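Dropping a structure here in structure tokens format, bear with me for questions.
In order of appearance the chains are A, B and C, and numbering begins at 1 in each one.
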Amino acid sequence: PPEKPTIIKCRSPEKETFTCWWKPGSDGGHPTNYTLLYSKEGEQQIYECPDYRTAGPNSCYFDKKHTSFWTIYNITVRATNEMGSNVSDPRYVDVTYIVQPDPPVNVTLELKKPINRKTYLVLTWSPPPLADIRSGWLTLEYELRLKPEEGEEWETVFVGQQTQYKMFSLNPGKKYIIQIHCKADHYGLWSEWSPEYYIEIPTDFRVRDM
Amino acid sequence: LPICPNGSVNCQLSLGELFERAVKLSHYIHLLSTEIFNEFDERYAQGRDFIARAVNGCHTASLTTPEDKEQAQQTHHEDLLNLILGVLRSWNDPLIHLASEVQRIKEAPDTILWKAVEIEEKNKRLLEGIQKIIGRFHSGEIGNEVYSQWEGLPSLQLADEDSRLFAFYTLLHCFRRDSNKIDSYLRLLKCRLIHNNNC
Amino acid sequence: PPEKPTIIKCRSPEKETFTCWWKPGSDGGHPTNYTLLYSKEGEQQIYECPDYRTAGPNSCYFDKKHTSFWTIYNITVRATNEMGSNVSDPRYVDVTYIVQPDPPVNVTLELKKPINRKTYLVLTWSPPPLADIRSGWLTLEYELRLKPEEGEEWETVFVGQQTQYKMFSLNPGKKYIIQIHCKADHYGLWSEWSPEYYIEIPTDFRVRDM
């Protein structure tokens, strides 16, 4: 019979829908069919995947109608061919914990040089498009990381729900790499990091005695 | 991920988590109801003194609900949950029609259209959640008694613009009020049942 | 007859009681008496102000017993003297939406210097004493603002329901003014700002090479 498939990932981009992906096991060359089955906590009934296509091969997409965040899903995938069938280990899914938004967008870096004061860097960004329209439904928190271009170690700064951050303590003449990512409702998963942004701190960025 | 012990049959959300999500959802619905009411009020109700006429216009006025903190605190949690369920149910039908009828308002901005649909969807989700919470208290079939019928659809389709706009105004005013009620009661229940009145 | 009085403001400090104030019109020098009358949504009965004294002159204080939520009060003030009487325009009030809390209290500022990490500032505060947060009847949100002592522009930071905030991006050697205010969770009115608090960021808040 076919080897046991493995459910590799379940993600929700906006706490409204979610998708699970699985990895087939070896099928010994026999054409093998995969069926995703799920039950909801406290219910005996077993349901089948409502949509195998929308999210591509080896996936199951749960639209709004099939997505509830008042319950824990118990999900398994069964592989069947002429030699027999085999079922994956169950995967328990709570939609609130699998929310992984897209990265923040419109990241801008601006050096500010106030007259009698030190230059500082202002970062601004916007929530990912999908989350933006649902402000209030998803409470996004942000974290940024930076390091000198040739540095090894990232320094991460958690900035909470702000979409702007001022950095004072930067080294004149240094070039920095900066990225930012976000998470929903402090339960979910961090988004991918945004692309890398570069900024060079001018050498006249003296640290003067005030 | 909530790690359910392997092989455990009953991997269940705690009552605390259900209340946490219900409060977050009711907070969001009330935020939307406030925004859509304010937007409608600014765009369509200025100078029409609708507030004076909206008095005793809510279809849920027949549901006797606690009117202040003491009354709410003296109400048993199952009664309060059933009241919340009754108010939510009473809004299912009007919100469906609001979401469709609001499309016909002259130059209704996208934000009003989108929010009407979002409110209808989220109200249904909250209804599902409250039923789940009530189910935790008694497994029997949830009573259907608390409910207030809405007969306001014809008024949303009136030819006379002032009357039609007043009907929308009243609906949005009443929903904003009831969603605030639900939000307040849920917070009280959460603090009472989950945090031992020490939020 | 006396000029028509105007109801200028109605406020509830803790979503349990409320007060309305009015401004008398000109009374032509005749001793004039003011009566506040109100009716409640769904009731024909007209009531008189329960307490003209507690909140000072030209005011009416509604204690808990006389305060109901999610219902519209129709309030008017009548001015009467020997020449006749005149009634204000009605004021429609739903106490739910006139909540304006007192400012937060016990504001503390503390500089923290972790060994190998940057100094940062921790602000903590408590809700106004009147507000019953514990039972969940009232939920407050907070916003703080700060600016360098000689600066012009305030920078405001919304911190949600937390009663603590950590600030990393501060300018070494600079003296800052910080204030905080609060509001009933997304409706009602912002409280007054708290008094101003000062904090000086030490100059040894060194800029290290990363």
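Observations, loosely collected:
Please note the rule applied: a contact is a pair of C-beta atoms (placed from the backbone, for glycine too) under 8 Å apart; a residue touches a chain by one contact, two chains touch by 3 or more.
Values in this document were obtained by computation on a predicted structure and should not be read as measured data.
In terms of inter-chain touching, the protein chains here all touch one another pairwise.
Interface comparison, A-B against B-C: more C-beta pairs in contact at B-C.
A comparison of C-alpha centroids places B closest to the centre of the full protein. When chain centres are defined as mean Cα coordinates, C lies farthest from chain A. Centres computed as Cα averages put chain A at a distance of 39 Å from chain C. Work out the mean CA point of chain A and of chain B, and you get 31 Å between them. Chain C has its Cα centroid 27 Å from the Cα centroid of chain B.
Counting only residues that touch two or more partner chains, chain B has 27, 31. On chain B, the positions that touch chain C within their shared complex are 27, 30-31, 34, 51-52, 54-56, 61, 65, 67-70, 72-73, 177-178, 180-181, 184, 187-192, 195, 197-199.
Listing the residues of chain C that touch chain B in their complex gives 15-16, 41-42, 64, 67-72, 74, 90, 92, 94, 96, 132-137, 139, 185-187. The residues of chain A lying in touch with chain C in their complex are 117-118, 120, 139, 147-148, 151, 153, 155, 157, 160-162, 165-171, 207, 209-210. Residues 1-4, 10-13, 17-18, 21, 24, 27-28, 31-32, 114, 118, 121-122, 125, 128-129, 132, 135 of chain B touch chain A in their complex. Residues 118, 148, 157-160, 168-174, 203, 205, 207-210 of chain C touch chain A in their complex.
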